[in-house]
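The structure that follows is given in the form of C-alpha cells.
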C-alpha cells in the first residue's frame, strides 16, 4: 500500500510533482456547512511561497489555489474537496546535469532503487513542493479547528545554532525568520549571510503549538495524539527529530520533577506538552521539530552516478539556505491536520449523544 | 475511529487491560508458510517480564503466550494469528485508594474526560501491560525480518542522566541495564538506588537500530519509514521524543557536514540514520527514544479528585524505578512491526515481477 | 493486505479456525458507557448453534462466549472488546480422508493455491465456524442500534425452491425454518427430508430487514449503505447473490413504476429498499440474499487430489442439509455491523454539533 | 469517515460534481514502470460519454482526460496519479426548477437530510458524472490486468425485459445496446422507442466477466473476491442487485447439481462464477448486475418540497432512457479496480519470494 494519504477521519491525499503540470490535494471527510473560499486557503499558501523569507530561494511562483470540488454556493458539502495549484516557472533544463548523479542527502538514490524509475526533475514527490498540498489542506483543517476554538502557531526556536532566548510572540511577524526573539533574529541574519557566501545551508528547530485544545483528543493505544503528531512532523522532508513537552529533557528528570501537579485551577506546569497517555489534557500542545540543513548546496561533494562510479557534484541553482522559516507553516498545517482528524474521531466516541436526542 | 491497530500490511491489533482476564494481539497479514511456535514468541516476551531487570517491579507474572489461531501443523497459514497472555496476580484491592484521584503524569484524567468512564485498576489500556501484545506481535514480525536478513536491537544509551560513553554491544547482556558501557552501567546502578530510596523514578534514552535493511523500504510521502518509526516509538506510553540519525544535532550542522557523502563503497557516514526522503538507503536504521520517568512515585504530589477538589496523592505499591530497560524490548518490537510492514508493502511495488513469470 | 477486518468506525476482526483452540473477534471502536455482559451476546450466539434447527448438523457445541477485554464494571470503556469462544468436540480424525482431496464447491483448492498451505481440518477459516466471531460482534453492534431505535431481523423467504407466500412475522419463531408462512414451512420440512435421504443439500433465500433506520446513514460514493450491505452479505460463505428493495425485479420496471412517490406522509412504496443514492431514506432496509446449497454432500462427486489426479469423493460426517436457517442470524449480525458502522460514521458528519456547544 | 476511496492496495479516490469545474480521480498504489499516456485512458472514457449510445442523452461533452501527476517520461513512477476531466456544457439554469423539490428515485432527499446542504445542480456527487473518475482509474487498472493476462468485458444481458437468448460476443460491438444477441437488440430498440415516447425509462441487467484470472485472488474472510465485487457493483448509482455465477438460481439447486465437479482438465461447470470461498479458482469471473430504470422521467410524479409540502414534479431536460449500455463500461471499470487491487494484495502473501532471492 502506498502512503500518500494522511488522517483517518479528515483524510488528505496529496498528489503532484515539482515539475509536472500541477500539485494538489484531495480532502475526504470535511464536514458539510463550513464556509470556504479560495481566499481562506490562499492566506496560508502565501506563507510557504518561495521568495517569501530571508532564507529562501528567489524562484517565483504565484501558487494560486483552485477549489475544483466539494464546495457549493460558498460552503462545504461533505464531499471530496480537490485543491489544485498549477506549476509554473519550471526550468527542467537546469536539472539535466543531475540526471545521472545521486545528490547526497537527497532521496535520489533511495527512490531510484525503490521504484526502478525516478523523476529527476526537481526531485518529484521528494521535492518540498509536495508540501503545497499539505498547506492547502491544512488551511481547510484550520477552519474546523477555529469552530472548536483551537489555534495553531509555529515559530523558529533555533536557526544555525542561534537559539531564541525570549519567547515574545508579538515579534514573530516582525523579523524574516519568524523568531520570537529580535536579538536572536539579528544573529540568525548574520549566520545566514555567512553560510550563503559559502554556498552551504543551515538547519534549526521549529516550535509548533496549539492553544484552546479540548480535553479528550487522541486515540489510544497506537493513534495517540503525540504519536500521530510525531508521524506528521517526521513525514516532512527535512525533519529528523520530534519531541513533545519536555521531550528529551524529560529523560533527565525524575518523576517528582517531571510530573505536572494538578491543582484546583489546572495543571501547574506542562512538561507533558498537553498530552497524557496519548490523549489531550486540555493544556497547550507543545512540539519541537529538528530540521536538517537543506541538502542541496553549492559546495563540491562526493557521490556516485547511476552505475555506481565516483563523481563530484556541486548543486547550483535556486535553493534555500534553510527550510526554516518556510517549513514553519508546513508544521502548522500538519498539526492542523492531526487535530482536525482527532476532533472528528472524537465525535465517534460521543456518537450516541447525537442519536439519542 | 479507534486506534488500537498498527500497520497497514502487517496489521496488529492489541487488546486487553491490566486487570482483566487476559491481554493479547491479533495479527492480520502475516504471510503463510513461516514456521512458528509459542517458544519463538516466549523468548522475546521473557525480556519484558516484570522482575527481569534491576530497575523493575517485583510483581511476578508468568506471561505465557498462547497461540489461538493462524498456525497449522507448525507454520503460519496466512490467516489471523491471535496471541493471548492470561493475567495473573492482580490485586485490584490495592488500587481502591486511587479510584477517585487522578495520578499526576498518568492518563487517569484524560481517559476519564475522553470516555466518561475509566478502568482505574492498573490504568486499563494505559498500563504498560498493554505492551504484552506489542512484544508478542513484534516477535512474529521478527521472523519475517529474519528471512529478509534484518536484525533489530536496542540498548540503554542513558539512564538518570548517566550516558554510555562507549558502545560495546558485547556488554549489553552483561549488566542489568542493557547498557553498552560497563562503567556507565555501574553509575546507573548507583543512581537507581539513590532514587529508589527517595521513592522517586528515572527517565533515560534508548537507542534502537536495525542492520541488514534492504534499500527501498518506506512509502512516501506520509508513510515515510522515519515517520512510521516516529509514530511507533511515540505510541509507547513513556516516550516523549524520537530522533533519527543525527536527530536534533542535525539542526546544528550545515549541509556540507550533515550530508552523508556517497562513495563507491557506500555511504561515508550515517547522519541520515538509514533513511533518505523517507525510504531506507541500505544503511543501518538508527533511532533514539526519550523515555520519561515513571509517573507513579512514592512521594506526595498535588492532585485533584474526580470532582476537582485538591488532594495529596502518594502512590505506593509495586512500581518500576524506570521503564528502562524493560521498555527496550518494546522499542525493538515496534521497530520490528514497522519494518515487517514495509517489507510487505514493498512487495506491492514489485508485484508485477511475481505475476509476469 | 489481508481481509479479516470489517467496518471502518465499528471495526471487527475475526480470528480462529474450526479445529484450533478457539474462535473469536476483536471489536475496536465501540463507544464507551454501553452496558454489556456475556448474556447479551449469548442470546444471539445460541441462534447460530449447530443442532438448533431442523436442517442442521447434530454436532453439539456449547459455544459459550467469553469477554476478555473492553468491559469494566459492566459497561464498555471505548477500548477493544475481545470475544472468545473455545472450540470443543473437534474430531480431526474424521477429516483425514479429505486431507489430500479437494472437495467440490469448497475453498480447498483456492486456499491451497493461494497460500501454499491449507488447514484441511474442517476448512480452517473457510469453515462456517468463522461466523461465531461475526455473530458475537453483531450482538454488540445490536446494542448500539437499540439505542438509535433500529431493529434488525431475518427470515427464510425460500428453501429448496419452496417460497413463502405470506409474510407473517409472528410465525417465524413457530417453525424450525424461521419461515413467515406456516404452510410453506411444512413443505420445506418435506423437501428437507427428501434431500436428507439422498445425502444431498439445499439452498434458499434469506430476507434481512431493518426498521427504525434514521435518514442519513451511508457514505457516498463507494461506501454507499447498499454497497456495504452487499459486501457484508456476499462475504458470508454460502451467499451467491444480494439484492436491495425491488432488486433484480427493478431491472424489469420502468422509471414511473419503480420510483417511490414521496407523499406528505412519507414514501408511498419501497422499491428502493430504504436507500437513495446510497444513503438511508428513513424507510425500512430490505435485503434478500441467495444462499447456495451446502457443498458437503453424502453423494459421490468427481474431483482431483493435490497432485491433480482424478478421484471420487463422498463427504460423510456431520453436515447441515442447508445453511438456512442457521445463516439467518449471521445475516442479521452482518446487517447490524454495517448499520452500527454507519451510525458512528454519521457522527463525523455532525461532529461540529458536539464541539460547538 | 467519508467513503470516496475504493480499494486497499490500488486505491482510487474520486472527486468532483456534475456542475463544478472538473471531475476526476487520484490513484495511489499504482506500481512503477508501466507505460501510460492519456490515450490509454481516453479509449475507455469515450465508451461512457453521453451521446455514445442509442439509449443516452444528447448532452455533448468532450471528456478529455488530463494526467496531472504520477507519470514521468511516459511511464508510471509509483506515485499518485491524478486524473482530471473538465466539465463543460453545464446549463445550471435548467436545474433551478428542481432546487426546492425532491425528485422521486433520486438522492435529493437523503443527501439533504444527511448533510443539511445539497448541490441540487445535476445531483452533485450522486450524478452519473461521478463515474468519469471511476472509468479513468479503471482504465489504468486495466493496464495492470493486461500484464497479468486478465481481460474484463461487459455486455447487456437484458434491457426493458428483453433478454439476450444467445451470447455471441462478436455482435456486441455491432448494435447500440452492446447486446450479444442481434435479434434481442432489435427488440430492445423497439422497447426504447416506446418508452421514449412515454417520457419514461428502462432498467436491465448487465453481465460483467473476467477471463485469464489467476487462482488465488481475494482475501478471506471479509474481503472475499466476490464480496468486494458485490460492493463495487452496488456502489454504482443505479444498481439494485448483484449475483455471482449461478447467483439467485443457486438457491434453487441441490448441492449435487450446484457443485462444480473438478476434472483432471479443470472444472466441469462454473456455477461458482470463478470464486471458491472468496478466492479466485482460475475459472472465469461471472457477475450479473441489476440496473434500475433512470429515475429522471418526463412524467408527472408525486413528491414534496423542502418543507414537506406535496407537489407534482416532471423532470424534463436531457436524460438517458436507460443507464444501459453506458453503465456497462462503468461495471468493467469497477471489476478492473477490484481485480487490480487483489493482484497487488496477493503480492503481499507472496512477499518473501521477492526478498529471499
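A few notes on this one:
When the chains are written out, they are named A, B, C and D in that same order, and each has its own residue count from 1.
Please note the rule applied: a contact is a pair of C-beta atoms (placed from the backbone, for glycine too) under 8 Å apart; a residue touches a chain by one contact, two chains touch by 3 or more.
Computed from a prediction, not measured in an experiment: that's the story for all the values here.
When the C-beta pairs in contact are tallied for A-C and for A-B, the bigger tally goes to A-B. Repeated interface: A-D and one of B-D, C-D or B-C share more than half of their contact pairs by residue number, and that pair is B-C.
Inter-chain spacing, taken between the CA centroids of chain A and chain B, is 26 Å. For the pair chain B and chain C, the distance between mean C-alpha positions equals 38 Å. One finds 45 Å separating the Cα centroids of chain A and chain C. In chain B, the residues touching two or more other chains are 1-2, 4-5, 8-9, 14, 29, 32-33, 78-79, 114-115, 125, 220, 345-346, 348-349.
Those residues of chain D lying in contact with chain C across their complex are 1-6, 8-9, 14, 102, 104-111, 113-115, 123, 125-126, 130, 158, 160-161, 195, 198, 200-205, 215-224, 226-235, 237, 240-248, 250-256, 258-264, 268, 271-273, 275-282, 290-297, 299, 301-304, 308-310, 345-346, 348-349.
If you check the complex, the residues on chain D that touch chain A are 1-2, 4-5, 8-9, 11, 13-17, 20-24, 26, 28-29, 32-33, 66-70, 72, 75, 77-82, 84, 114-119, 121, 124-125. Interface of chain D with chain B (complex): residues 1, 9, 29, 31-34, 78-79, 144, 147-148, 214, 220, 343-356.
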